[in-house]
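Chain IDs A, B, C, D, E and F follow the sequence of writing; residue 1 opens each chain.
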Amino acid sequence: MSIWSYANPVKFLALSARVQPVLWGAAGGCVCLGLIWGFFGTPDDARQGSTVKIIYLHVPAALMAINAWFMMLVASLIWLIRRHHVSALAAKAAAPVGVVMTVIALVTGAIWGQPMWGTWWAWDPRLTSFLILFLFYLGYIALWEAVEDPDTAADLTSVLCLVGSVFAILSRYAVNFWNQGLHQGTSVPVATGGRTVADVFWYPLLISMVGFGLLFIAMVFYRTGTEISLRRAAALRARSDGKA
Amino acid sequence: MKALLQRDLRLALRAGGGFGLALAFFLIVVVLVPFSVGPETDLLSTIAPGVLWLGALLACLLSLDRLLALDFEDGTLDLLVTAPLPLEAALSVKALAHWVTTGLPLVLAAPVLGLMLNVPGGGYFWLVISLALGTPALSVIGTFGAALTVGIKRGGLLLSLLVLPLYVPTLIFGAEAARRGAAGLEASTPLLLLAGITLACVACMPFASAAVLRMGLK
Amino acid sequence: MKALLQRDLRLALRAGGGFGLALAFFLIVVVLVPFSVGPETDLLSTIAPGVLWLGALLACLLSLDRLLALDFEDGTLDLLVTAPLPLEAALSVKALAHWVTTGLPLVLAAPVLGLMLNVPGGGYFWLVISLALGTPALSVIGTFGAALTVGIKRGGLLLSLLVLPLYVPTLIFGAEAARRGAAGLEASTPLLLLAGITLACVACMPFASAAVLRMGLK
Amino acid sequence: MLPELGKYAAEVISAYGVSIAMLLALVVLTLRRGRRARATLRLAEQEAKRDG
Amino acid sequence: MEMRVSDLSLARGGMPVLTGVSFRVSSGAALILRGPNGAGKTTLLRTLAGLQAPLTGEIIGTEDQIAYAGHADGLKAMLSVTENLIFWAEVFGHSDISRALQAYALEPLADRLAGTLSAGQKRRLGLARLLVTGRPIWVLDEPTVSLDTDAVMQFADAVRAHLAGGGIALIATHIDLGIKADVLDITPFRATSTTRAGASDEAFL
Amino acid sequence: MEMRVSDLSLARGGMPVLTGVSFRVSSGAALILRGPNGAGKTTLLRTLAGLQAPLTGEIIGTEDQIAYAGHADGLKAMLSVTENLIFWAEVFGHSDISRALQAYALEPLADRLAGTLSAGQKRRLGLARLLVTGRPIWVLDEPTVSLDTDAVMQFADAVRAHLAGGGIALIATHIDLGIKADVLDITPFRATSTTRAGASDEAFL
């Protein structure tokens, strides 16, 4: 059976109902384990003191904020090319989760900035491009809300997501050009191969990142189901009204 | 296409048509800045290039919602879509008309308003050049935003929300060039980047705008 | 009157209704300022109170054109004028609805956005107070402007042009109070003057707005 | 019970507090909206079945 | 109750349009205004509704009595049919909208957003609004535009009921409505170029 | 020339409205669409004009041949009658507007701003626009709204002349136009609740 068969909304509903418990369980477990281990079970950093503990929230949230947008981009493309409703609704469902992740990254970063840099906020490129990402999320959600016809809304938001992605990358370079920053470089080893975080910090961080990822997936599954239910209820109602 | 350009310009010149209003808005923002940040000359001349760029951007933004919404409301857009003109061309022409009625006057007025904020001597040249290179991108990107929000009742502010993040790269390079120019630094790198953005936008955005408009109209 | 307030608030909350969009615009202006004037923290914190006031004013301004124009276009205004409600009351209610959907959120958001521009510590209190006292005047004066331009097709920018000079006194006292507060100076004099302006506007402007609207509709 | 957080206790705890609160709020809102939507759907399905 | 209009002169855009219009309509009667395009029907009705002032002449008995329905319907696309009606009912100090919904067979559409109605359905909603105002004088400008034959009949019934209840209706129309009423052709009152009736540009002649 | 529509299904707002519509109209013929309010006439005409896509079915022979006139007229209030017409003529690659002005007796109004016309005068201008497009297929949605009897006659003449020149006209209307034409009542094609035609909400059923 092809994976596209789950592009049928009703089938997807059934599938999501089946995987829900596993997903939520795993997500909850990982998040709790990572955060508790991080908070209670790791030593303080020599330079940063206890504030390193913020990393277990800050980095996973920041990662998920970016990945959520990326997932929306892929889902938008699928909608534009293959016109699977589930895909469009998944993009819609992911956006609010992405915003919350963005806000968590911003807030924990701000709180961390106070002791480390002596300021809540600085116009550092990394922070600034995150703020721009936040604006893109807001615009995307506002557009979904504003367009009445759901299919048109899906079309328009998909194109916005595409164009927005291009401009988000452009902004990233522009911002880098505009200001050299305070924020430290990346140390998650995906890009660079080696990592700069000591093992004591690394394992809980890894678990926490996995947890945030799972939480995101669980949430998107569930919320997509919600959107499908709403559409399906509206469709059924409309049919029976039409008959009346 | 010539007909469309002519009509748009003529409409802009008629009563309530908006020609010169972007200019007036620009002027007023520049006038209000000293009221809000205080009258110190040094401070003003430091922030002057930035304020002028920001003012230009906001003035542009504010005039976007009449770019397509009026034509939508009175049914002109429906008829244009069925006309023999390719929609991409029609939208490019409308963007051009928007630039001629808002961007161009702002470019010409910037040196005069710069006086009021004490832009340092050599800065005028770079200010004008950067605005001249950057404002076309603002119009073209704005057309895309207008096309996105066209079916939505009075999308005004939504339009701003969608368009502003898209304006960020243009603003950064434009303002950077103007600021460096005013400070007597080398400003050709940001200027080149700005020109690149404008060219790319002018070349690609009309297709996105037309696609989005077709989706929105149905 | 309750019906009118309810309807306006409900419409604002519906899709495309504009609630929260003023807020978004405010946010975006604050974000764009560093891009245009540069990222230096000192400079930013000096101009912060002024920028926030200017941003609030512009956000308010941008939402004015939907205050009456939509009701005019679909004929609601004609019907309201013939309804048993006194027009003055109707316009006051509409101004109130405008304030609740734009001014109030701005007041609440100002401290957060102040963070981003590094408003000095003690300044937050005065900033919020001055905005809370000043924004109602902005809504009421804005209603007058909207009534003036109601018959004019897409008066958007013309409206801005007419209203901005009327906003000057409010802006001066409001920004002055916020700036003094941020600098740790005594700020109660401009604050009192601001309160006076607001009270006078709320008391008198609806009559002017109603008069102007009656003239414009015929 | 709490580990020794030194002079940064306030920061660390508030960071955790705010983040966890936001995550919880997101989950709760998601679940609530989801429950409601699924309830509406069940109702609509029953109606549809009844009306044939 | 009776409304009386005597020797009315009207201008539109600074130019006199009609002069010397006089008529009276009493309780329970309807008056249908006819005249070619551009004759001044809309101008006359707007003046009666108090939306513009006459140049000369008097209008008696209409103060706060009029419900006006013009070319635009005053409906909000983003409110549902019910919400739209309730709003207007409350503005006019009433609250019951069921009769209005019923008169124009709007019940099946009650929860639809007004923006998603077809042209004729919108018009029916616009006319239903008249029933929730409780006003005795209806001033209607081409009310049956876009209506199908059923809906025209519903409208005629509503007008007849209104008249039977002692109301008054003034209707400008180009087509036949099937309502028993006096007809006033306004063509003879059209202002000629020599008419002097106090229009604003006359000061310059 | 001939236009052919086969087995068309249409949706509006995600709901199927019409299914299985088929007809053909050949050069020189007119087709009048009838149906109660909300039947789907506007939806059908917009689809034919290419403003929305059909769910299923084929439309043949309309590509770049259609001049559409819907509920809104596409007139600019701040341009004069002549300027409005010239604009549309140029968009469609023509330049002569005198025939259009004459057909609807618009010469006396030629220099007036479109915004200062009465409802019927505006409509006449909107219809005159069709004459400057030079397109062979006219798709008209309730064209005679607000028109007086003279103007309705002018319209009928214009349609007859268009047909005589080998054109095609599709007209949705509720009233009688005095044009010899086939009538298609679309009521039988209304989608029932069990219709499956690929409307966007069907994926959810």
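FYI, contacts are C-beta pairs under 8 Å (C-beta built on N, C-alpha and C of every residue); 3 or more make two chains touch, one makes a residue touch a chain.
Treat the numbers as computed from the prediction; the structure is a model and nothing was measured.
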Sorting chain pairs by contact number gives first B-C
Measuring centre to centre, with centres taken as mean CA positions, what chain is farthest from chain F? D
Could you give the separation in Å between the centres of chain A and chain F, each centre being the mean of its C-alpha atoms? 48
If you average the CA atoms of chain B and of chain C, how far apart do the two points sit, in angstrom? 24
Chain centre separation in whole Å, for chain F relative to chain D (CA means): 52
Using mean C-alpha positions as chain centres, tell me how far chain B is from chain D in Å, no decimals. 42
Could you tell me which residues belong to chain B and also touch two or more other chains? 15-16, 73, 152-153, 155, 158, 161, 164-165, 168, 172, 218
Enumerate the residues of chain F that touch no fewer than two other chains. 13, 71, 77-78
Residue numbers in chain A touching 2 or more other chains? 132, 135, 138-139, 142, 146-148, 178, 232, 236, 239-240, 243
How about chain E: which of its residues touch chain F in the complex? 12-13, 35-38, 42, 71, 116-121, 123-124, 142, 145-151, 174-175
In the complex with chain A, residue positions of chain F that touch it: 13-15, 191-193, 200-205
Under the stated contact criterion, what part of chain C meets chain A in this complex? 15-16, 20-21, 24, 27-28, 31, 34-35, 39, 41, 44, 115-116, 118
Contact footprint of chain E on chain C as seen in their complex: 2-4, 6-7, 10-11, 14-17, 73-76, 78-85, 217-218
Chain B partner, complex, touching residues on chain C are 15-16, 18, 21-22, 24-25, 28-29, 32-33, 35-38, 43, 46-47, 49-51, 53-54, 57-58, 62-63, 65-66, 69-70, 73, 152-158, 160-161, 164-165, 167-168, 171-172, 175, 179
